[in-house]
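For clarity, chains are labelled A, B, C, D and E in written order, and residue numbers in each chain start from 1.
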Amino acid sequence: MTQAQVVASAIPEQTIWKEHVSWIDRVPRWVSMLALLIAFLIVWQIVYFVELVSPIILPSPLETIEDLFVVGKNLLTGDYMLAALWITTQEVALGFLIAVVLGFGLGVLVGETAFGERAVMPYLVAINTMPKVAFAPLFVSWLGFGIASKVALAAFIAFFPVIVGTAAGLHAADQNARMLFKTMGASRWQTLVQLKLPIGMPHFFSGLKNAAVLVVVGAVVGEFLGGGKGFGELIRVAAAQLNTPRVFSLIIYLSLLGLATFWIVAWAQRRFVFWHKESVTEETLAQ
Amino acid sequence: MAVLSIAGEAVAPAGLLGRPVYELRGVSKTFVRRNVQALDKVDLVLREGTFSSIIGPSGCGKSTLLKIMAGLQPPSSGSVVLEGKPVMGPRRDIGMMFQQATLFPWRTTIENIVLPIEIRDGKAAARAKHDQARQLLDLVGLKGFENVYPSELSGGMAQRAAICRMLITEPAVLLLDEPFSALDELSRDFMNMELQRICLERNATSFLVTHSIPEAVILSDVVYVMSPRPGRFVEAITVDLPRPRTLDMMSDPRFGTLVHRIRNHLDKGAFQ
Amino acid sequence: QNSSTKITVVLPNPSAVNNFPLYVALGEKMFEKEGLEVEVEAVDGSSQVLQAMSAGQAQIGQPGPAPVLAARARGVDVVFIYNHFAKSVFGIVVPEKSAIKSPSDLKGAVIGVGTADGAEVGFTRAILSDLNMQEGKDYTFLPVGDGGLAAAAFLRGDIKAYAAAVSDAAIMEARGIDLREITPEQYLSYFGNGYAAMKSFIDQNPETVEKFGRVLVQATEFGLKPENKEKVLQHTKAGNPQEGEDAKLSAALFEQVKDRITPFDQSKGWGYQPPEHWEQWHKSAVESGILKAPLSNPKAAYTNQFVDAWNEGSK
Amino acid sequence: MTQAQVVASAIPEQTIWKEHVSWIDRVPRWVSMLALLIAFLIVWQIVYFVELVSPIILPSPLETIEDLFVVGKNLLTGDYMLAALWITTQEVALGFLIAVVLGFGLGVLVGETAFGERAVMPYLVAINTMPKVAFAPLFVSWLGFGIASKVALAAFIAFFPVIVGTAAGLHAADQNARMLFKTMGASRWQTLVQLKLPIGMPHFFSGLKNAAVLVVVGAVVGEFLGGGKGFGELIRVAAAQLNTPRVFSLIIYLSLLGLATFWIVAWAQRRFVFWHKESVTEETLAQ
Amino acid sequence: MAVLSIAGEAVAPAGLLGRPVYELRGVSKTFVRRNVQALDKVDLVLREGTFSSIIGPSGCGKSTLLKIMAGLQPPSSGSVVLEGKPVMGPRRDIGMMFQQATLFPWRTTIENIVLPIEIRDGKAAARAKHDQARQLLDLVGLKGFENVYPSELSGGMAQRAAICRMLITEPAVLLLDEPFSALDELSRDFMNMELQRICLERNATSFLVTHSIPEAVILSDVVYVMSPRPGRFVEAITVDLPRPRTLDMMSDPRFGTLVHRIRNHLDKGAFQ
């Protein structure tokens, strides 16, 4: 019997090596999310129970959930909260549209021209570091107290990521693709429209996703300041009345609005940039 | 088998006749910003229907030469003339192909193929070319893949589509910069035979950059060996194996000798 | 005296002139003499003042009466102890050149307010409903915020009148928007922000409350003397240097504040809260929805128990 | 004479094809930036001159520049504004530190574990869509009026991009590198520390750059709302007094603080992630 | 030259003796999630000091096999035994190399090379190995590049550093997954000769995955040809050219015949 034969026949069991999947990876997503939510609510209830915080600062989770139903009912019966939500939704939609148009235009300027990149961009960065709420009076005096001024503030707060996304996208085409377009005798405009813009779409969309979140914050802050009739105003009134459960439940509904905006953008991306697979993290963000 | 040393002289290797299509005189190129001289006085004549290759160590200026010939970059001095007209920018009678297929993922295969037409003559002209594009897909063996997106094509299939895109404008010359070097060797051999078939069928004048000596020999009528940077032609080797070539010719002793000869030349330059 | 008592006082806005007695007391070292060490902080609005107090971050705060009622409704035992703005801090103002001369001329007008249901809304609504005018039918409110936003509203002509805090009106006037106040005298009983503390604090530290109020009275009387005007402005400038940089504005504001902290009836002393004024506030809070239901014991929202002790020395 | 010879000798001049660089690309950067600034100031002055906006809403550029000098002098003489700036700077520095630590920790949780990615991340996204300023009273009542509450709000506003950057960075290592570490028998911890974290540095730093800008905004908003003695408080007072030239000049100084924070991060990136060349746009942002 | 058909039998080609180092029995692999059967019952014995290659069409499961042998993936069934001990995870007596050099840009060349030691035994042990790493750098012709960062190395130099990193742990077997296929052909030929020299010098047992028939033939004692997915060995071809091999042997008719034979086998499988 040769050594080879010995070895070949003598390893029946412990050589069988199997992959094992950790139980935590097999827990369905909704279960772990629910578990986390419940854990969070329990901690919150305990904090409330041992009176770590006064009820006019932090409501109890139960009160908040109760108020979620109150607000939900008001929304469903088409009462004044629905009207407020509708106003804020309009502000968000229009603000997003303007942020996209403006950000896209400036992004093309920055991404396509040396002048834009070297001279304009530093100013845009500087503007981005300013507390933009301080400009609210300017918008109001130009645009009045209607939704226009809130739309402007929301767009102003949200447009920067769109610029960065667009400009980064325009740089995404590789040397090969550019050269190929050059061999075809493509004009600058054709190269932009047929090559750089489509290739830059994933970057553009990640700018849009950031903008989608910011625009909601912008609209609400605009209402905080300039007296509107939307959800921001409801929050402000509830806060002034020390009605903290209401404040919390309104914020939760607002964050649903933010998530919805985000999801719409993510959906649009999957729909229109069908050729691009996202990273795992981005996928999570989009779900 | 004839070997000619050509230093600074636009001499076509003997035994090759035909109308001169491409003519380069004293083409040199220096990248001023990085102070790199990439090419040093290259003279070259390509005759109609011939297949020439250029081989040389990495960074010797092969791609630079091809880009100048294609009108993508101006030379620092010298002139490039194609079909009697100086090359002053991209031209539609030049077809070009790179190492990467670079198909655009938002266009179907056929839309990718008619892209050069769309760019030059608009969407309507591109649509009119769909039939011809389909014939080209047949030619390269991609029948039935017209309407799939490039993500569903393998590397070799993508390069075949890139060939179709190059051919759709019916160029007079083909400039090929390592077109199949990203493929695995088996697919690459196969694609080279396809390329030969297509070139013979259309009597195309072709110019290939490659790193592979067997590939250069099996495909070419003339192989130019280039020196390290700044690139100059140090030798032009005529390959007189019969056409059409087959992969089996690689076992031919004449093939072996040619390969051996070129390798010796390169070894001197590449790995001192 | 030995060790001093530390207290934090939280204000709803950073203006020093608005709260000049506090800054005079600090500047003249009056608290020190009473053995108090006072730290002043400013937050954004009455509700935050109340939140800071209920969290124990401040012992004394300066909320408005309506938010105090709201906090009590939420089970926070906060008690109003000292009537700082004894007259309403609000007034209805119109542009100087406006044809509107009295509240009855406001028929059909758009009236600017800070927030949709701020204290100024209840105040204005009370005035106009006494004139049998109804919101939505005879006039409408437009929430325009304050400061620059309110100025913009006037400049754009979006509003005919503005129910403003007097300090806002004073600032707008100083910046060249000439305004006229049309508030009828009797409505000034809607008194404004004053000092409050948690009931537990008052019960445990009656002497501290007594000392604090005594100093305020002292400082108020010091500040009201015409010869001390320069000193007052000096002390408020120390408290808020940027505000003090504009001397003209500070002086104008000071005149307004002096008027508003002085009660109509001075016989009861500084800090006194007339129960009928509290009833007015309670009624208005219920009507405007700040309170969902009347408080079972509205009288517990305030106390005058220290007033005499505070005013003793000065009388 | 063959055709070839004719061609070869007959093209002396018009075949010589030279590249030309557009004059606009040869303009030095500072010239174009200055030109843009001057153009902007002229437009601003015209807007002011034709009284498009009341001076208590938009000051004239001259007034603003004058006030820039007043504020500058105050800062240089170590007066109250310097004290305020110092407070805000501390808030920014501490807020940034906390945002980085917190964001990094959560980023590792999200990027390394299926639980973090699938269960925690959606909540983090939801939180990010909330108007965070509404939580300012909570921070004040827990942390007091000192800088702690502003630091907390600033960190709260700024931590999200750090999470996204860290998590994206942890996904950046390619299959090859992971496999290599596996062949070396590296533990999960070693793979994290020696492979994934260094490879993810560029992503991490772009998260930090976003955070650097947000943290300044957060500190200022914290001061707007929660008292404090920093620059935000100065802006609030100036705005309440309708002292618009002051508001504008304070905002400009604040944006310098924001740019400085941004530059420090960009410098740190160049210093510590020396092996990574940034895209052109990012380079502009960093200059 | 001996050719053996081995179907489902762990038979080493005749004429190769030596102690068996690696033994695979009935190794198969199915990816359950995507329902792909990548490998179908592979039996294999590698003997000490031999060089074996595996060649097969793209996607036939070569890399999967190598990963299973390296302990990076468990097989679905079957067993892998190295030096008498079953492979149940990564082991330090296995050296592995991939198509990408994957040097880490934040470490100098020498730090990259001692990385496997640092991972297994800590920083101190890694420092102690610096001398040995320097000798290895000498061996592959990278003397003087110890302290440069990988961004300054060319593709070929990086792969040489990767060889050093593989060798620093003194593995009993080398598993090579297309190690030089990203290099241009000239550098690749050169690197292959280096690889042969190193293997001979250290009497290493090596197993190479490649797409290049000439490469497989010039390097190996045995070439295994694999079928398309699910991968099975369809032929094992013993190469009896003398050692050390040289590039000139490619002109040897025996070489041509071997290449021809393998190509025929592959053509059947790869391009039906």
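Just so we're on the same page, a contact is a pair of C-beta atoms (placed from the backbone, for glycine too) under 8 Å apart; a residue touches a chain by one contact, two chains touch by 3 or more.
Worth saying up front: this structure is predicted, and the values here are computed from it rather than measured.
**Q** Listed by label, which chains are in contact with chain A and with chain C?
**A** Chains that touch both chain A and chain C, as defined above, are D.
**Q** Give the fewest steps needed to get from chain D to chain E, where each step moves from one chain to a chain it touches.
**A** Tracing touching chains, the least step count from chain D to chain E comes to 1.
**Q** Specify the chain most distant from chain B by Cα centroid.
**A** C
**Q** Among the chains, which one keeps its Cα centre farthest from the Cα centre of chain E?
**A** Following the centroid criterion, the farthest chain would be C.
**Q** Could you find the two chains linked by the most C-beta contact pairs?
**A** Highest contact count belongs to chains A-D.
**Q** Between chain A and chain D, tell me the centre distance in angstrom, where each centre is the average of that chain's C-alpha atoms.
**A** Their C-alpha centroids are separated by 18 Å.
**Q** Any idea how many Å lie between the Cα centroids of chain B and chain E?
**A** For chain B versus chain E, the centre distance works out to 33 Å.
**Q** If you average the Cα atoms of chain C and of chain D to get two centres, how far apart are those centres in Å?
**A** From the centre of chain C to the centre of chain D is 40 Å.
**Q** Counting in whole Å, what is the centre-to-centre distance of chain B and chain C, each centre being its mean C-alpha position?
**A** 86
**Q** Hey, what residues on chain C touch two or more of the other chains?
**A** Residue numbers touching two or more other chains: 47, 51, 54-55, 147-148, 151-152, 155.
**Q** Pull out every residue in chain B that's touching 2 or more other chains.
**A** Those would be 89.
**Q** Among the residues of chain A, pick out those that touch two or more other chains and give their numbers.
**A** 53-54, 57, 137, 141, 239, in rising order.
**Q** Sort out for me which residues of chain C touch chain D in the complex.
**A** 8, 10, 13-15, 41-44, 47-48, 51-52, 54-55, 57-58, 146-148, 151-152, 155, 171-172, 174-177, 240-243, 246, 249
**Q** If you look only at chain B, which of its residues touch chain A in the complex?
**A** Touching chain A: residues 67, 70, 72, 89-92, 94, 96, 98-100, 102, 104-106, 115-116, 118-120, 149, 151 of chain B.
**Q** Under the touch definition given earlier, write down the residues of chain A that touch chain C in their complex.
**A** Residues in contact with chain C: 53-57, 136-137, 140-141, 144-145, 225-229, 233, 236-237, 239-244.
**Q** Would you mind writing out the residues of chain B in touch with chain E in their complex?
**A** Those residues of chain B that touch chain E are 57-58, 154, 181, 184-187, 190, 211-213, 215, 247-248, 250-251, 253, 256-257, 259-260, 263, 266, 270-271.
**Q** Over in the complex, which chain D residues touch chain A? Could you list them?
**A** Touch list, chain D to chain A: 24-25, 27, 29, 32-33, 35-37, 40, 53-54, 57-58, 110-111, 113-115, 117-123, 125-134, 137-138, 141-142, 164, 167-168, 171, 213, 216-217, 220-221, 224, 232, 235, 239, 247, 251, 254-255, 257-259, 261-262, 279-282, 284-285, 287.
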